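The following pair of complexes shares a single chain, chain A, combined with chain B in the former and chain C in the latter.
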Partner chain A sequence: MILKSIKIKNFRSYYGESIFELSEGLTLIIGGNGDGKTTFFEALEWLFNTSTEDIKESNISAKRKAELEICESDEVAVSIVFEHDGEKELEKSFTFERISKDNVRCKDFKFFGYENSGSERYSVKGSNLLEQSFDAVIRKYCLFKGESTLNVFDNTTALKTLVETFSGIKRFDDLVELSTDFEAKSQNAVNKEMLNDKKCRQKANDLNFRLTKVKDEIQTLKSDIKQQDEAINSYAAKLEILEHNQEASEQYQDIKNRIKGLSDKRAKMRNYTLVDYNAMLLDESWILRSFPKVLQEYQKKASALSKQKRKLKTQEDERRGEERGKQIAIEHIQKLANGAVELPWNLPDQETMQEMLDDHICKVCGREALEGSEAYEFMKNKLNEYLRHIQETTKKDEQKDEKPLFTNSYIDELHTRQIRMSGEDEQRIAGIATEVSHRLKFIQDRKIDLDKIEKELQEAEDEKSRLLIQSSDLTEEMLEKDFNDIKGYFDQKGRAEIRVAELTLQLKRKEDEKRELDEEFAGLEPENTSVKMYQRVHTALREIMKAFTNAKERNVTEFLTSLEKKANTYLGKLNENDFHGVIYLRRTAEGSARIELCSEDGTIIPNPSDSQKTTMYMSVLFAISEITTLKREQDYPLIFDAPTSNMGGFKENSFYNVIDKINKQCIIVTKDLLIEDKTTGESSLDNKQINQLTCSVYRISKAADYSQTGLSTIQTTTTKIK
Partner chain B sequence: MARYLTNSDKVLQAVLSDERLMAHAQYNPMDYETIAEALDSDNAVVCAVAKIIDGKGNNATDKEIYNEVTNYLKSNLI
Partner chain C sequence: MATESLYEIWAKRNPEWEIRYENNIIKTFCDYNRGATSMREDRAKILGAGYEIFIVAFFIGLYYNQKKPLTTENRKRKSFGWAIQNWGNIESRGGRRPYPKLREYIFAALVARTDVDFIALDKGEITARKAVDMLMQTMEEYANFGFHFMEDKLIDNPGYFYASNAFLEVFLSFDASVSKSEDDEEPEALD
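Let's look at the complex of A and B:
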């Protein structure tokens, strides 16, 4: 079967029709992330899936779906044209119709094949044509998605399936089982008959007893060997995982140690910051922490008040002194001219004066005193003088009774207290405050440290999570294993290997013993001719059974040898001018095989690189494909989705150069051979490298006008480069 | 022209090429390319092998094949 073309229509990101014309050798389909590489591969998987009528709406191109008006319809289709005893076509499709604004109906699933007979073209059932031309077993060894699927010996039945499919001889196991069963039945028949023979009965009984015992022992030994083999394989697998992930394990241990160190540090910091402030307030006098400031303020205020009081008192004393001086001066100025003694100030009195004014006459001298006259004005002044005197006297009396400026001594008390609190007490409290202050600063610093540690711890935890996500085939428990475990596994594996060697030797002895007993049994010469006849039949069936068993083993061995030889040829080609080792296909205890990359002396290469592994697995696949071609007289394509993602750039280039020259149809969907512009982030083809290849090359990419958030704007465009 | 061989023919050839069986039954494996040829053989062991393979290929029960093979051997082994 040689694929000639692939057509994808409205399948997910493939909007409208995209056609890939394939060469008979290598075809590269190059695209970046999200450009439709995996969709291309899954479109083929969808076409080749005969188990269900899969008409999922999710397979419809979102862009095409969004364009449809109500009642409009279109189809999703994937088809291949291929050469397999003449040109044939296989197409799977279904129709989708918009039935409302939000709903699309999928219907009319079709899976047809088309064959040409002469000039006529007629349709056949798609699944039948597919099984005839590209059956499920072959497909299993033709389509590979990612690197993890490349190992065809990844399960216990793999070898059996491979031998059944590709060795050219089927159902050998059934015949071996059948012939073994016949031999056992015939042995029982002989035993039964022998009991009727007088001559040999005793000897036959004895031999039968010993044979049964030896058979049981052989069975037990085989079971023990199987167990030990399984243990060896289990340890080998664990060691392989551990060795393969040594870097991840070391990284994990490093992170784990960092987390432990940080956790311890965090606990320590938390202890430092854990303080019972309530208790400390009174027990350790932390309450006094702010006292020096309060005292300082108090001292400042008390001093200011005291000073102000003294100032006011001085001013008041001065004022009072001045008042007193003034009074004395006035009294001195008011003396009579001749020095005679003055009359009392209250003569004449107020009533007398008022009466004279009212009567307009001076009743002292008898002169008339009309209103406005000089005498009248004199008397009026005299009255005013009298009144002023009374007023001043009253004022003086009041002055004599003046209260002190400061009636209380509070300010003095405050000042006294200020003096008392200074000195030793102040120093002691200042000491407490300093100590508390230092302690609080220490706690604050530790809290900052704690925050920093928490951040570092979170970063370490994140790093651990990232490591676990990246190492998806590893559990945390597996990463916990350190080199002590590796040593432990090595020791256990070594012990199991020694035990297997011992058991194998014992088994060989027991099998020799059984063979001798069988021969002895066969050599018995019974009298009874019927027994002799059963004996001959059993001998013949025993030899037939052995021949079947040996033939089956030879078939498997020849297949593995042939596969190994061809695989090594491809390994050499895929690793031109580089160390590549030798592929060994080793039988396992479970009856399958394991692919191992070894040095030429047969020692396993520890930790082969990912690219070495990829080329190793691909070499085996090419070898299988070649055997298939030979056995079935038909070639089959190998289709890979991103098989080289673990290779380095240089390795990729030489890989494609070599695979380009291998005479084998190969379709590789990849993001290799793209050069990314680091400033714009855009990718372009590595034309220099591509020009060196002779194969067909397609570039798939997202159409430029897409929205970063709208799926219905995504469209894969296909460009044939060469 | 190369002869088309069935799976049964291939099994027969593989089994008959066993040297120990050849020594035991004294036959030349080159004489038997197909099941049909082996079934026609005068060699009882060769014929018994062919009967086992053919019986299994024709979906006979194990018991039926055993009875046929042992009865045949009883009658034909000297």
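Let's look at the complex of A and C:
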């Protein structure tokens, strides 16, 4: 099948009809980001999808849809014209009609093919024509979106499909099956006949029993070996990845340790900075920061009160002392004129004195004392003195019982408190301001530390992300594995290998045993001649079966070898003047194959670059395509969407030069060969490079007058450059 | 001689505060009236028992040296029903530590800032009860000013005191210098 043209109509950004005429070699469709490259590819995918009647409204050109008046309609269509046993056409389409301001109805899905017979053209079912000219298996090896889909061996059935489709091995399959069946049937027939043979019955029975047992054992051993093989492959794959990424792994461990250390430090700093200031005010007495002045006031006041109280008490004591002194003095002054000793103040007593005054006579000396006389006055004075004395004595007694000035001692309490609050307590209160400022400074410093740690932590996390992005085939989980895991894989792989060796030895023994039994069985000499004949037929059929089985195996090996050889030829071409290594296609335990890029001596090249990988996969694809062409006597196009986005500029140019010269229809949609004007941001074609190529070139781009926000203004325009 | 010290009489009292601060300040910042088993953290309260915000309010008034008389209407006043002698004793939950000594400093401040005639008190001319009444009045008026101050801040910005260091900042704004005045005397020894 050779594509001659592709027509895209009203499919997403392709407004109206766009026609691409394709050359038999390379056709380049060049466009920048958003210019419709992937839409081109997806239009083909849509055409080739036979699984659903896909009439998604999202596939309609927004611009065309916006233009439609109510009741107006148009169609979305993608079609190809191709050469495959004559010219044929395939078209998929549906109609869309505006039914209201906001709604569009999609209808009339059509998928038709057209074939020419002589001068007549008649239509056939689209899916039938597609399967007949470009079947699903072939398409699998023809359409590639981005470089990640290039590895066609990334699933276990890939090799089987490939071999079955392209190597002609399917015919062998039938033969192997048939001859195996014959062999089994003839074996049964021989067994049956043998059991009827008198001479050999006993022996044949015995051999049959043993053969069945050996066959069972062989089956079990084979399945065990397969299991162990799979394990070995799995460990080998893991080890390979880990070994290739040892550096990344070490770097990861380093970052991880750093992150852990920083996280611990951060937790510590957070503890320092998480302070409940409100609690500190009370619990740590921070609220007393400004208290020293108040305390001073208290101390002064308590001190002054104490002093004042004592002063008042002293004054009172002095006053009372004075009173008493006065009394003593008076007592001293009262003496008789002639110095004689006075009678005691109480003699004569008050009653006697009064009696003498009433009787006007001194009953002491017997002299008369008339009222107004000197003697009478003397007695009267004596009585008065007596009365005064009594009075004074009473007063003195009263004075002895006088209340103290201060009845309470609250001031003393305050003073005691003041004494207690001075010294250590006072110093502590005075130190709170400093303590608070030191603590706040400490917290502030830790906050700065914390910020720094947070920043370092973020950097480490970023570094980790970068590492993971760079090593795209590595997961964080794989990097988590440390050396012990690697050692573990080695040990497990080693054990599995030893086990395989043991099992293989056992298998060999069992197979030998089986062969011996077979031979012994074949060597039985029955009486009956017809049994002998069955025996010979079976031997012949067994040999035929072996031949077909071996041939099938060799066929696969030869297919891979030939594919490998062709792939290496392409690899050489695609990497002219550069190191490219050697492609090996290795069969895996599951029966598929793995593409490996190796050095000449067979050692795997660790971490091939992205451009090495791309050219490696493309070489295999070209090789497959070449084989396809040979086997089917038909050519098929290879269609790639942006396969080279990981290559460097220089590599791209030589890449297109090579593909241009390969005799193979290739359609590559790409943004290579565009030169971007750094000042305007606009892209233009690299005409110098393009002129060196002989291929067809189309430029696709957004029509100039689009709005940056309106999808309905987007339109892909197509220009044929050469 | 009196059997009870002035401090003891004072410590048995319950200061009063204006009910209008109950909802917007006391209940906002404390666990007041919510049951003793609830943890402060559960409700994101910034302080524990109700008296804690009273202490904070008191010190704000004290350092500003601003008193604000309480309303004379009895029905508009309330007390915590938790005598001063218990303040700061049981705050050991949620990582808090008891601070009983703070009470003595509050008492000292009240003595310093209240115009009680202590000579007359010791002479027995006025009763201890009367003196303590006066101390309590000072305490309540300082705290009342503190509450008023907080209310002002909250009117401007309802989240003002939710900044973890907002109260601390208030106290950092007060002068903390320790001046040795010239007429300062050495404390006298007791006889």
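For the reader, a short list of remarks on this structure follows.
Simple rule for what comes next: the second predicted complex is superposed on the first by the 432 of 722 C-alpha atoms of A that agree within 3 Å, B and C clash if a C-alpha of one lies under 4 Å from a C-alpha of the other, contacts with A are read in each partner's own complex, and residues count from 1 in each chain.
Criterion: contacts are C-beta pairs under 8 Å (C-beta built on N, C-alpha and C of every residue); 3 or more make two chains touch, one makes a residue touch a chain.
Everything numeric here is computed off the predicted structure, so don't read it as measured data.
Looking at the shared chain after the overlay, A:Asp174 reaches chain B, while chain C stays out of its contact range.
In the superposed model, A:Leu3 makes contact with neither chain B nor chain C.
After overlaying the two complexes on the shared chain, residue contacts for A:Ser285 are found with chain C alone; chain B is out of touch.
Comparing chain B with chain C, more residues of chain A are touched by C. In the superposition on chain A, A:Ala77 contacts neither chain B nor chain C. By the touch criterion defined above, A:Ala369 lies against neither chain B nor chain C after alignment on the C-alpha atoms of chain A.
Contacts of chain A with chain B, set against its contacts with chain C after fitting on chain A, share not one residue.
Residues of chain A touching chain C in their complex: 275-303, 305-309, 312, 405-419, 421-422, 429-430, 432-433, 436.
On chain B, the positions that touch chain A within their shared complex are 7, 10-11, 14-18, 20-21, 24-25, 44-45, 48-49, 52-53, 56, 62, 65-66, 69-70, 73-74, 77.
The part of chain A that touches chain B in the complex is made up of residues 168-172, 174-175, 178-179, 181-182, 185-186, 189, 533-534, 536-537, 539-541, 543-544, 546-548, 550-552, 554-555. Within the complex formed with chain A, the residues of chain C that make contact are 1-2, 5-7, 46-47, 52, 55-56, 59, 62-63, 88, 91, 95-99, 101-102, 104-105, 108-109, 111-113, 118-119, 121-124, 128, 131, 164-165, 167-168, 171-172, 174-176, 178-179, 181, 184-185, 187-190.
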